[in-house]
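Just so it is clear, A, B, C, D and E label the chains in written order, and each chain counts residues from 1 on its own.
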Amino acid sequence: MTYTLPDVNFQPLMPMLFVLLGAIVSTIGAFNTKRIYVTWFNIAMLVCSGLAMTGLLGYGLWNRDLTAFSGGVRADNVALMIGGVIVIGSIMSLLVSLDTAWRARVSFPEFDAMLMYAIVGCLLIAFSGDLIVMLIGLEIMSLAGYVLATLQDSRRSEESGLKYFLLGSVGSAILIYGIAFLYGATGSFNYASIAGRVAEVLNPATVTDAANAANAVALAPNNLGILVAGALLILSGFAFKVALAPFHQWTPDVYSGAPTSISLFLSTVIKVAAFAGMLRIFNGALVDAPAWHSVLQWLIAITLIVGNMAAYFQTNFKRLMAYSAVAHTGFLAMCLLAQPSMGGPALVYYLLTYTLMSGVVFAIIAALQRNERGLNIGDMRGLFYRHPAYAVALAVCLASLAGLPPFAGFFGKYLAFQAAFQNGYQWLTVLAAITSVISLVYYLRPAMLMFMPDRTPAREYQYGQRPPTNATVALGVLGVILLGLIPSLWYNFAANPQIWRLLAGIGQ
Amino acid sequence: MVGTGAYVALSGVLFALGLIGVLTRRTAIMVFLSVELMLNAANLALVAFARAWGDLVGQTAVFIVMTLAAAEVAIGLAIIVAIFRKRETTNVDDLAQLKG
Amino acid sequence: MMHLMIFLPLLAALLIMIVPARWREEVAIGSTLLTLGLGLAIWLSGGTGAYIRDWVAPLGITYSVQLNGVSLLFAVIIAFMTFVAAMYAIRRIPNPGTMLGLMLAMETGLLGIFAARDLVLFYVFFEWALIPALLMLAVYGGPSRMKALVKFAAFTLFGSLLMLLSIIGVKYYSGADTFSLYGFDVQTAGGVRHMTGLTERVIPQPVQNWLFLGFLLAMAVKLPLWPLHSWLPDFHEQNHPSGVPDVMGTLYKVGGYGLFLFAIPLFPNAMHDFRPILMGLAAFTALYAAWIAFSQQNWKRLLAYAGLSHMGIVALGIFSLNETAVIGAMYLLAFQNLYTGALFLSVGMLQERVGSVDTRVGGVMTQAGALGGLTMALWFASIAVPGLAGFIGEFSVLLGAYQVQPWITAVATLTVIAAAAYALTAFQTTFWQARPLGAVATKDLHGLEWLVLGLPLAVAIFFGVYTLPALNLIQPAVQNILGIAARALGGQ
Amino acid sequence: MLVSALGIGIIAVIASALLGPKKGSKAKLMPYESGNDPEHGGVGTGQRFPVHFYLVAMLFIVFDIETAFFYPLAAAYQKLPQFAFFEALTFVLLLLVGYYYILKKGVLEWR
Amino acid sequence: MPDWLAAGLITLLKAVLVILGLLTGFAYMTLVERKLLGRFQMRPGPNRVGPLALLQPVADAIKSIFKEDLQVTMADKLVYTIAPIISVTFALVAFGGIPAGPAGSLFGENPWVYNLDAGILVLLAMTSMGVYGIFLGGWASGSKYPLLGGLRSSAQMISYELGMGLSLLGVLMMVGSTRMTDIVQYQAVNGWFIFFQAFAFILFLISAFAETNRAPFDLPEAEQELVAGFLTEYSAIKWALYQMAEYIGMFTASAFMVTMFFGGWKGPQFLDGLIPGISDWPLIWFIAKMAFFIFFFIWVKASILRIRYDQLMRFGWKVMLPFALFNTMLVAAYITFVGRTEWKGGNVYERFGLNQGLGWWPLGLVSLALAAFWIVRSDIVRPWFNKARPPQLDVKQHVTIIERAGGD
């Protein structure tokens, strides 16, 4: 028996290794030092990770499409961009936690450690080149996420954590079963070879390799069925993870039950990573596979309706944001329906803007709430006269979430609509437009209340404005405005059709 | 020699049982055990397909899935125990604090 | 110069946030005046050419702006009215910094709307202008502003999001390279490449109808057309009583302009096919609004319905696709802003004096003769008395539309009579009649207020008598647009 | 093997059940709690045990899986290239991170 | 008769034989143990029933069958009954995989019931199934002491299972197979593993004692602590089944140790010089070596004091586990850096001009030294697990949190 060595190459792993180092240091180093130092160290590690992705650390990953471990890890441009989004969201979470974690009673090094482990998982998904690595990343992320949601020693957070855990593990199980089926249909875990085999399954005449031909024939009658079943199972599994209706039930509870700085993390970074997985699988490996498009479009339709309608009736701002996250899942998922060269850049752009604006909103809730239940919408009346900067920032981000130009959310929505529209899902875009109107209304109410003069005493936490949160908010708002005025800043990187062909392993 | 189809069918049955368990059981532990059943169904399917393709990677995947299941057990039990110690119930319906 | 004109107000708005409170008024007035000056200078230089640059190159979104023809006229009038409103705001609103900032921010949005020659850019400015309007209502609005606000925003967004879809569809189905109306050349490595603009392509027919409906919906909400008008009265009623936000809101009736500049050249076949229905709808809107206005007892609602009625006429003109009517519609649209805006301000003055915007106050004329007189003059402009700007526009519209759809136009003509009825009734109950016993004495106009009401009136009279400068701007533009439409229709 | 082993156990129990006397009395069948009356009602009725046992169980699962990963490695170790050692070392070091953590957390302290 | 049926019947026959052998062994081992313990404690031990008390086990068996089988009122009936059966079943099954001689040495048949590729893994799996028997028995009794006793025993068993599993890894790495016959053959060629893996053997030995709940780790039977642990509510045959499981576990552990470290069924090669072929005598060597370890078990029980429960757990987690891991990595490093030529500039032998034929002996020396050091300097090792450190609340950090909270 001979063993072939996997091609070991640590360069594409560098972004993850930095984060992992941070996680390990938070795990073991925190017994000797204060949490605040650990957190700053972690932020530094995240920055290093980001720099490693952009290639400013003496070597470049950008445009090099490095792979390692027999294609298990791929640092192509897609991975780098999504990794960048993840890093930005994570830095925001950590900064906010500096201010608010002690109020939420989660200010201990394990918080940082879990966060960093989750980020490692997220990056692993983004950098995955085959289903196994993706699965490992997904599980690291989810498991750390469950712990994060439960970390606060309160009934609310523990119950939400349990709910998250139970539904999340069901989702994982379905996903894994789907992966097994996909493997059964194609005989490979690698995205690129799956994409190749999918073509063969669909069209057996194209089989070139004799050995593959034998295998394809051996499984041929069942292959297509198994493939479709696998794709749909994976789709449902991911629907749990990204909270597509009707698999979204955990989302509002978890996002509103967990401490707000954790909700920030869960609703941005985790979601970005889950979408990265979907992007990799559905726009990469399964881009030619049948059936999943038509199921996904219905899921999106339900998500748009349910998410927006439910958010409309919320009176708690944090819970509103939770449902808004569900609604945005619908918009985000619309990008997946399109051809990768069109939907991919749209998704990447939308993910970044979504992370920024959602991050800011949660950051401000975290800073201003009196307890972890969040703010009531009524509590926000007159916020502009007490915390003008936060109110303006919040208004900007809410407008952006609603999709109003000139903020970045507009272009995100525009791109998503365009992607779906130009690929034959016009009815879905009309539905999305109509549900967007509902979303505008529920974003508008808190946004406008903030500017209405108010004589009653303040109902938010008075000392919420602190430098790290300010930095987060400034980063987010600046990003939202800049990306809105000059979308090319980010979009031009993503728009190159070449990188989206590589996603499915075509043209290697 | 039992065919691949039979194994896959068996794994399908296991998976369905797990899914039914998830949907009908109200105790967190039982839901959790059903999830484990689903994971094992996936393992069975993976092994069966690995044999059909004559490929070792599928079996490696089983190893990883087993690890994931173990990690899930560890964390899931921790959460359940934490709640149990506070509330003395693991019934999902009793968690009325948070309604979807 | 053009870009400076568009973005100067925004810069001023940002400056207002920074400078000390006591300089805010000077900054605001100065910048509005400067903007107006820039506008007039452009007018004197005969308008600007198209300026096209890539904005989001991979998507074909450009920053293409142009101020000439109709858009130049509108821009100048907006600059003028913003100046007038700002003058009134600094006198009337205590601590007016926020209001001035919002007004200036909105002015940029409006100027942008008129300057934009790219559909996406148009949309961006279209939504941009929404935000200050919402904030004005939120900060300065009346007790039930939340409802008005939500209604306003929901209606607008409902229309504009569907418009966004048709914008996407327009480029997709027409096969144009950019969202710009006009094509342009770019330097590439392989030489000069022509990027086709939207007007250079024709959208295939069945799709064109759907896209037009999406576009129309947005414009009809803004215009507004019955039955999408119900946000309008609430919006005006709940705004700050001074009427300053209303002025900006009145300027904001960009629906007609959008239909004119984008819908006619892009969807000529669809407009042609839908013409009878649309004209009927417009005429009905005009008459219906006038009828409702007749029973209003709140000045602001009354003005809102009056504006709605005018917009019905404007829409009638545009939908008729007849050159005379379209010119009239543009004329009316341009100057309606003037006198309706000024009327809102006069209502603000009235409210300041008698503490109410009810139309049944009575006897104001006896104590504040100048206010009453100027208001009456503005009302005359509004109900299209000859010699004032409103008459020219309304008459041309009816004249032109009659050639296309005589019966519908005849119905619309009734509006003129109805307008006289509601205007005079309301004026009579407010300014004449007996002053109620025990009412406080009202002061007459003083200082800036003379200017605030007088300047718009003067302009309205000037353009009511001497139409040539305005027509010189409007006519070539209209001919150009209708020419594009005619080519598309002929090519069918 | 399994069958016969199982058979032995079952036969023994059945034989005893058939042959042995059955003269239970209440006191005789009461749970033995050093002579005190039993405090609670039997199986599954809210009995609590120290959380430490859960921890040990979880730790066992984690470390047992780790052992399970080691077995295939060990069996194939001599045929693997030198790289395998570093891989194993990485694995063990990561494991030790967790080990150090639980050590410092006092999970392994028993009172 | 088809082949598969014949093979199946033979397997069944062998299984029954092994089981009967084990049961007899168990019965007489109780006698031997009591006798020996008596001798160790300067008393005669059992000497009434039959000559040399040889009938004592028979009497015990009859008694336990005819004794009243109590079942506590609050017990979970089904589980209560099944638990001891599980325990004894897996204890018996585990033994079947151990080869007692070379292939075909048992009247032309193989002297094992089953021989799987993953033999060691199966064996470990079967022995760990015993945890279920104990835990379920304790839980199903519906009583406080059995529950706690069952938990403690389970915790103990799973803790030491780690050390046990890890300590075998060195051997596995050297052999490269998990099949027990391969391991025995390897030892026949290269020498017994006790010489190369003395340290691992000590770790394994200790773990085996803990796994089988034998002294000094027989906490489940520590009357002073929790009455009789999980056995409190058991009597008659069920109690006897648990005892059976324990003793059979001891057999298995002995046989396992013999196989892994002492050359299995092979005798020492140098004896072949005296009597040709003596090292290959089937079964004899195997049983002889096993007997020694069984004696060793009893010897230890008679000599060493029972340790406290917290000491037990701490020892398992803080000493056994890391050292077993260390041993594994030591072997791995040895194989990679000493035994290989691919390392820079040839392997270590070449670099230092040593004889290539040294084989495993340097490793054996290191291991032996380690073991010796470990035992001799146990006073250094002991504090690692003997000193209880109460978890401390970081008061200072707590106060800072409260201060920073600003009284909110």
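Assume a residue touches a chain if its C-beta (ideal position, glycine included) is under 8 Å from a C-beta of that chain, and two chains touch if they have at least 3 such contacts.
None of the values given here were measured: they were computed from a predicted structure.
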To get from chain A to chain D along touching chains, fewest steps? 1
Check every other chain and keep only those touching both chain A and chain C; list them. none
Return the chain pair with more inter-chain C-beta contacts, choosing between A-B and D-E. D-E
Remotest chain, chain A as reference, centres from CA atoms: E
On a C-alpha centroid basis, what's the spacing between chain C and chain D, in Å? 79
What is the distance in Å between the mean C-alpha positions of chain B and chain E? 32
Whole-Å separation of chain centres (CA-atom averages), chain A against chain E: 49
If you average the CA atoms of chain B and of chain D, how far apart do the two points sit, in angstrom? 21
For chain B, which residues are shared contacts with two or more other chains? 71, 78
Touching two or more other chains - residues of chain D: 57, 64, 76, 79, 81
In their shared complex, chain E is touched by residues of chain D numbered 1-6, 8-10, 12-13, 15-17, 19-24, 26, 28-34, 38-44, 47, 49, 53, 56-57, 59-60, 63-64, 67, 70-71, 74-79, 81-82, 84-85, 88-89, 92, 95-96, 99, 103, 105-106, 108-111
Mind pulling up the chain A residues that touch chain B in the complex? 132, 135-136, 139, 143, 146-147, 150, 155-156, 158-163, 165-166, 169-170, 172-174, 176-177, 179-181, 183-184, 187-189, 215, 218-219, 222, 226, 249-250, 252-253, 256-257
Please give the residue numbers of chain C that touch chain A in the complex, ascending. 55-59, 120, 123-125, 127-128, 130-131, 134-135, 137-139, 141, 145-146, 149-150, 153-154, 157-158, 161-162, 164-165, 168-169, 172
So in the complex, which bits of chain A are touching chain D? 1, 3, 5, 8, 24, 27-28, 31
Given the complex, residues on chain E that touch chain D span 11-12, 15-16, 18-19, 23, 64-76, 79, 81, 84-85, 88-90, 92-93, 96, 113-114, 120-121, 139-145, 147-148, 151, 154-155, 158-159, 161-162, 165-166, 169, 172-174, 176-178, 227, 232-233, 236-238, 240-241, 309-310, 313-314, 317-318, 321-322, 325, 328-329, 332-333, 335-337, 340, 342-343, 388-391
